[in-house]
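Chain naming follows the written order as A, B, C and D, and within any one chain the residues start at number 1.
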Amino acid sequence: MPATAGAVSTAAQPAAASLALDIRDVSKRFGPRWALARLSYTLPCGLSLLLTGHNGSGKTTLLRMLATAIAPSAGKLLVLGRDAVAEREEVRRDIGLLSHSSFLYEDLTAEQNLVVLARLLGIASPKDVAGQLLTRVGLTARSNNPVRQFSAGMRKRLAIARLLLKSPRVALLDEPFSELDPAGIAEVEKLIVTLREAGTTVVLATHLIEQGRALTETRLHLTEGRGMGE
Amino acid sequence: MSASFAIRPIGLLRAAGIILGKDLLIEWRTRARINALVFFAVATLLLFSFALGPDVDLLRQNAAGYMWLGILFASVLSLSESFRVEAENATLEGLKLVPTDPRAVFLGKACGNAVMIFALCLILLPVMVAIYDVSIAEGLPKLSLVLAIGCLAISAPGTIFAAISANARARDVLLPLLLFPMLVPALLSVVKATALVLQGDLQDSLRSWLGLLCCFSVIYWALGFAVFPKVIED
Amino acid sequence: MSFLTHAMLAQVGQGRIEGGWEYIWAAYGLTWLSLALYGVSLWLRRRSGEPPKELS
Amino acid sequence: MLYVTIALFALAVGLFALHLFWAKARGWVWKAVAVLGGAMLPAGAYFGLSWAPSEQDMGEVYRIIFVHVPMVWAALLALVVNFVASAAYLFKRSWTSDSLGEAGAEVGVVFGVVGLLLGSIWGRPTWGVWWDWDPRLTTTAIMLVLYTGYLALRKFVDDPEKRATWSAVVGVIAAVDLPIVWFSVRWWKSIHQVQSNPKTIDRSMFVVLVFNVVAFMCALFVYLWHRFLIAKAARAREVALPSALPPAGPQEAA
């Protein structure tokens, strides 16, 4: 069992590997189409990455592979030195994915959604923690409404609370600014800064290149599933 | 970051329990759906009697078969619903990434489905008594045992196939196509066992039918536990 | 061979079945037809000039 | 009878393994088997239709046994291939076992449907009905529906990896289900059950039957092999790496 499995206050811990991400000649196929073709890239620890590219250029595919939601068709991905396929379980403990799908149960309330996740994570007093996080993303007033009644922006906020609950060492953010009002965008920016200060590696895929540049050090541009670097 | 919470891995059964609780909570919060399901099953029972005419003896004789067909049809809907809920915002993927042991997901989901189908049985029982004129009073404990094992037998393979067909095209056709022929042994034995309880067990063959039913359940719960990680982990 | 014996027992007391060649011809015809048709379908679906690649 | 059957099954499986693992055999072995089968099938039909004596109770109609039994056995063997391939896939992912599973299921369903129809044609003059709820008939019918579901699943899933995993799971579950179906149906129809007894069959009939079984096994082998090649070529097209593209890292592109 790796020392980090189940460890938590990941913020203070030094990373086990010198590379946060190590992408080795990775390809991913969906049916007959290649979403990602022979991509290689490395991201040192401590740096954060801005992922850009047009729609369909493979950003989401890359993030989902890093999150171990899907497996690469060919090639290898290492997250904090661990193989995203062979050591899926450990990688999953380290990453947090903010995806296009919110991972929220429509029929449960905001609070119940967080409580279920907190229980699965083994967090003590899940209700208090859920309440804390709902305050943090500004949803306290709606905590007892089912997610089905939420607007797109509120779902985004709740999904972010879900990510924070896990306090990941690598945060994979897929379009975190979409569907948010200007105040929401500012809050998410502040949040990313906080995450970074706490030592989290942030991978940010967004079309808002200016905001993204301000928050990250390096950038990977994808075209037609191929990395163009910068 | 101030809000770092003490995360510790939890056991398989605990995770299964949390998932079961969550599923039951969702079912409770969407009671309208269950009501519709119950009416569907009752309508099926009524339709059998309409299709066969008002021959009370015939209906009473075949009551067990009709009831289990009604339960089977309704449970297909309930099973596919239980994975449609997970597909809505890719929550099944969310569960996997927590990370949750896929076997815990199987146990939780299959238990949830078994509870749902059993609840359906309990609701259909009085309806069956009313429209098919059977008497259940004397064998009630035995009957509930048969019903419970029958529900367990349906829910395990049902959960595996519902998880598979939820992500395929034409899933509404695929689930019954895979599940119904699979369930033939369970259906045969549970119908026989129910009929024996309702009509009296002259040759003492209830035990052997229940045995077959238990075997079926045990095999599929074990099989589901073993293969479910393959099913949901790409 | 329960098929055979089953069939035989079913006939007890009725004596020997006479004729029935039309059933035999139907059975053999169906067998040959289906074997041929399936063979043709495999032939039509074949990939000529594309040797199966060695996959992992 | 049992030993002959086992020997034949072993031979068929051995031939297949030879094809799979010994590349040199691929070019000619199946051709030799095809020639052998092509010669044996008409000969078997001749033996079955005219050489074998008529049966004491059933007269001529019993001659259907010489196509019915080999057909059903071939179907069963194909489904055994499907089970072995499915189980193998769950232990170790490989496109070979996936393709083999697909081939086994399809050939099994085709042979099984024909075998069932033959049984039905035979049943009409002997039992007087096209369909009898005989355990063997019922089990075969359920089996065919199960594997039709398997083939439908393969059609309805586009992603090759998911398709392979899920169909392997269904293949294993279906195979586990078959013995249970067999027992349950047998209990269900316990009044009708008659135990099999190989001694009721005449020596010359037995020889003709074995001859036909061998012929059908040859046909099965050739069909299975070609269906496997088709499946594997389809997989190869589906999962081909974009080899036309040069490896493009950020280093080269910059």
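The criterion applied here is as follows: contacts are C-beta pairs under 8 Å (C-beta built on N, C-alpha and C of every residue); 3 or more make two chains touch, one makes a residue touch a chain.
The shown structure was predicted, so the numbers you read here are calculated from the model rather than taken from an experiment.
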(request) Using the contact definition stated above, find the chains touching both chain A and chain C. (result) D
(message) Using CA atoms only, can you tell me which chain is the most central one in this structure?
(response) B
(request) Can you check how far apart chain B and chain D are, centre to centre, with Cα atoms defining each centre and the answer in Å? (result) 33
(request) Give, as an integer number of Å, the spacing between the C-alpha centres of chain B and chain A. (result) 36
(message) Quick check: how many Å separate the C-alpha centres of chain A and chain D?
(response) 48
(message) For chain B versus chain C, what separation do you get between their C-alpha means, in angstrom?
(response) 39
(message) For chain A, give me the residues that contact two or more of the other chains.
(response) 71
(request) Please list all residues of chain C that touch 2 or more other chains. (result) none
(request) Two or more other chains in contact with one residue: find those residues in chain B. (result) 234
(request) Within their complex, state which residues of chain A touch chain B. (result) 5-11, 67-71, 88-89, 92-93, 95, 97, 99, 101-108, 112, 116-124, 129, 132-133, 136, 146, 162, 164-167, 194-195, 197-198, 200
(request) Report the residues of chain D in contact with chain C in the complex, numbered from low to high. (result) 41, 45, 48-49, 56-65, 67-69, 71, 93-96, 107, 110, 114, 117-119, 121-127, 134, 136, 194-198, 200-201, 219, 223, 226-227, 229-230, 232-233, 235-236, 239-240
(request) Going by the contact rule at the top, pick out the chain D residues touching chain B in the complex. (result) 90, 142-143, 145-146, 148-150, 152-153, 156-158, 161-162, 165-166, 168-170, 172-174, 176-177, 180-181, 183-185, 187-188
(request) Can you check the complex and tell me which residues of chain D touch chain A? (result) 158-159, 161, 238-239, 241-242, 245-251, 253-254
(message) Going by the contact rule set out above, which residues of chain B touch chain A in the complex?
(response) 1, 3-10, 15, 18-19, 22, 25-26, 29-30, 85, 88-91, 93-100, 233-234
